[in-house]
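Going by the order they are written in, the chains are A, B, C, D, E and F; count residues from 1 in each one.
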Amino acid sequence: MTQTVKIGKLAMLLASLSEEELLPFASSLEKVEYCQGKAGSMEIQKVIAAVETAAKRNELISEDVYRETHALYHAILESLEGVMRGQLGVGDMMRTVGLRFAVVRGEPYDRPGEGEWIAVAFYGTIGAPVKGLEHETFGLGINHI
Amino acid sequence: MTQTVKIGKLAMLLASLSEEELLPFASSLEKVEYCQGKAGSMEIQKVIAAVETAAKRNELISEDVYRETHALYHAILESLEGVMRGQLGVGDMMRTVGLRFAVVRGEPYDRPGEGEWIAVAFYGTIGAPVKGLEHETFGLGINHI
Amino acid sequence: MTQTVKIGKLAMLLASLSEEELLPFASSLEKVEYCQGKAGSMEIQKVIAAVETAAKRNELISEDVYRETHALYHAILESLEGVMRGQLGVGDMMRTVGLRFAVVRGEPYDRPGEGEWIAVAFYGTIGAPVKGLEHETFGLGINHI
Amino acid sequence: MTQTVKIGKLAMLLASLSEEELLPFASSLEKVEYCQGKAGSMEIQKVIAAVETAAKRNELISEDVYRETHALYHAILESLEGVMRGQLGVGDMMRTVGLRFAVVRGEPYDRPGEGEWIAVAFYGTIGAPVKGLEHETFGLGINHI
Amino acid sequence: MTQTVKIGKLAMLLASLSEEELLPFASSLEKVEYCQGKAGSMEIQKVIAAVETAAKRNELISEDVYRETHALYHAILESLEGVMRGQLGVGDMMRTVGLRFAVVRGEPYDRPGEGEWIAVAFYGTIGAPVKGLEHETFGLGINHI
Amino acid sequence: MTQTVKIGKLAMLLASLSEEELLPFASSLEKVEYCQGKAGSMEIQKVIAAVETAAKRNELISEDVYRETHALYHAILESLEGVMRGQLGVGDMMRTVGLRFAVVRGEPYDRPGEGEWIAVAFYGTIGAPVKGLEHETFGLGINHI
């Protein structure tokens, strides 16, 4: 079985590149559905809510189907594990994040039975709640949907 | 204070893009030192060792200075938190990884006192120890050096 | 040494079965002390407090003896690890739980020197803070008292 | 939306009750597919492998479809979080487990769009690698498939 | 390479000994810079903030240099892992801490290239939010600066 | 309720001070039972086994009573959380530890009903498996027995 569409890599590029930098990847992006957004907060639940709202508003997942919400939720959590690197309590830890995110839905595998998967990527900064005292951070989560 | 050189983003691009895809980022890459490598294993310590060896052989860190080894080690661990998303025991969990990695060293901030920082990125697949039964995974760790 | 009274299994049954379903286990339940209760919240500390209050009000632990409070507290935390499966911040993660719980105190082992132990079980649902968007969850913690 | 078939509760009962104790639940068990098995080890990967093998041999999941393997794997890991209560390295921690497990596949929700879900439950003992020095442990993991 | 100044041990002694008990260690303490303080709270971020404020006010770290803030922050977090033993959400868990802390900055190694390191130690009590229902707790974190 | 005997502080001092440095604490040490030992390894289970063996050989816990083994085991694990600061797999992470440890058993509280408690402390170094590339580490765990 071969992975023909790299939804994780595309989500990473959508979350971290400028529009101009994304141009060479335009043909790959046509093979998937995606949305982008921003979330900045000291509270992790606001980041989760921002992604869920964006994914529903852009019809990447169906609001009424719990299994899609469930798949997205776990992909977000896995992505945030990368962002927070083991400590999932942003504000509780005196840290603030400023993130761009992307949600990508597509069929990564050539075998039709594998169906659709979802990727969630975050890229931005994490640091003390003081402007400039921060460094880059990134996360990627993937789930079957 | 502004972050002028995005060592984390560059590490992620080095770990995941093809040589051709990297061409538009050539001028940014001139501002940093970096190395690339590969690691595939069911054992997490082999992945750590592969990055440490590559970073020392390419003189990204000084082999004799413990504080540089210490900075790199924690950047690797943070990056692996993203790769493993909370469970840092690859083989113990019946999973295998096939990863490309990049280590980037540079001065991200315009203020000279901030000095050098190091970024470690992984990109590849994680999955069952059966070819094809796997999905993408990403990790990024950053530390002052 | 043999375990003659399965306080963990009894706690699980008390937390998840209906009164009618519990009837066949009546004789086993006579060998232990227990209490039951409910807790629904987005905040983990309310769940902990509900169990502690129920256990004290039903005199399963002595309110004044710290070592009993300490034993119960760690049994609750271990049980919640199962409920939350690695992420102990309910509300922080945009999730809500609706749980029934049971606390069982008894002597599981035939050797008298092993004394009393305590078991805490949770059973119910965890999910998005939207009715229906949830699935079952369970946890069990055991400690010597 | 209502949950009409409690696959999690059924998995827990299958993992912990005797055949005789299971009799009152026979009609509920007819609504799902399930298998049972045993795993005893100091190494967590052997426990994972035992469940995966049983689920494939009993055709609860399709061996060739990665998304089913992926769904099962994460349900197993979540269930083991309950068994190990936060430390997923059995042998590494000088502990041994003796577990019965059950895998249940079914449609928990009355709305057809929610499709099939999978539940994995473990019940048994965890303790020092000395017979008798052990107490009960439980775990439950649930995922969409 | 030999470690000649034990900044971790000194931080532990500063956090846990009385002034009189510290007298025999006076000559060792002359080789490092340090500050002491207190923090009692159900909220982990207040504990972090108390240490950061004390370290800046006593000029153990430079307020304007992000890499020093970054080094201190991670040393605090590592130290809190010991205090909380795996659950970094104090108030979320119905627990309260009463802690003394010490921050020590110095050159632990005889080789000059190793430069300065920072140690953060906490010692005090953790327990239920009821006076007396608590036991001792300790943590130590170390980082290069 | 007052804590009159600080078994945690005594364990830390026993694990980290020289015999001469311990002299001023002789009268406090007379109020408790204790043992000391050493453990150096890349494998966490060897460290656990070394403490368990020392505690049994010195009759700090009764080999035959599971509840005492259970109490000690969890105190060791909590102490190792401080040593490893969140990653309990020593060798798996390419790190090695050289530790002194102490186990202290006593009655910390003036109220007789609180009975005996046990404290386990580790002090030593953690680092790369190369001599000198290491820094100090500490851990303390406490449990009722």
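Just so it is clear, contacts are C-beta pairs under 8 Å (C-beta built on N, C-alpha and C of every residue); 3 or more make two chains touch, one makes a residue touch a chain.
Protein names from UniProt, one per chain: A, B, C, D, E, F = Hut operon positive regulatory protein.
Please read these numbers as outputs of a predicted model, since none were measured by experiment.
Compared with chain F, the chain whose C-alpha mean position is the greatest distance off is A. Although chain C and chain D share one sequence, what matters here is the overlap of their interface residues, and that overlap exceeds half of the numbers used.
Ranking all chains by how far their C-alpha centres lie from the centre of chain B, first place goes to C. Averaged C-alpha coordinates give centres for chain B and chain F that are 36 Å from one another. Of all residues in chain B, those touching 2 or more other chains are 1, 66, 70, 86, 89, 92, 109, 117, 132-135, listed in ascending order.
Across the complex, chain A is touched by residues 1, 62, 64-67, 70-71, 74, 109, 113-115, 117, 144 of chain D.
Interface of chain D with chain B (complex): residues 43-45, 48-49, 52, 66, 69-70, 73, 77, 88-89, 92. Chain A contributes residues 1-3, 6-9, 12, 16, 21, 24-25, 78, 81-83, 85-86, 108-109, 117, 119, 121, 123, 125, 131-142 to its touches with chain B in the complex.
Against chain F, the residues of chain D that register as touching in their complex are 87, 89, 91-94, 127-128, 132-135.
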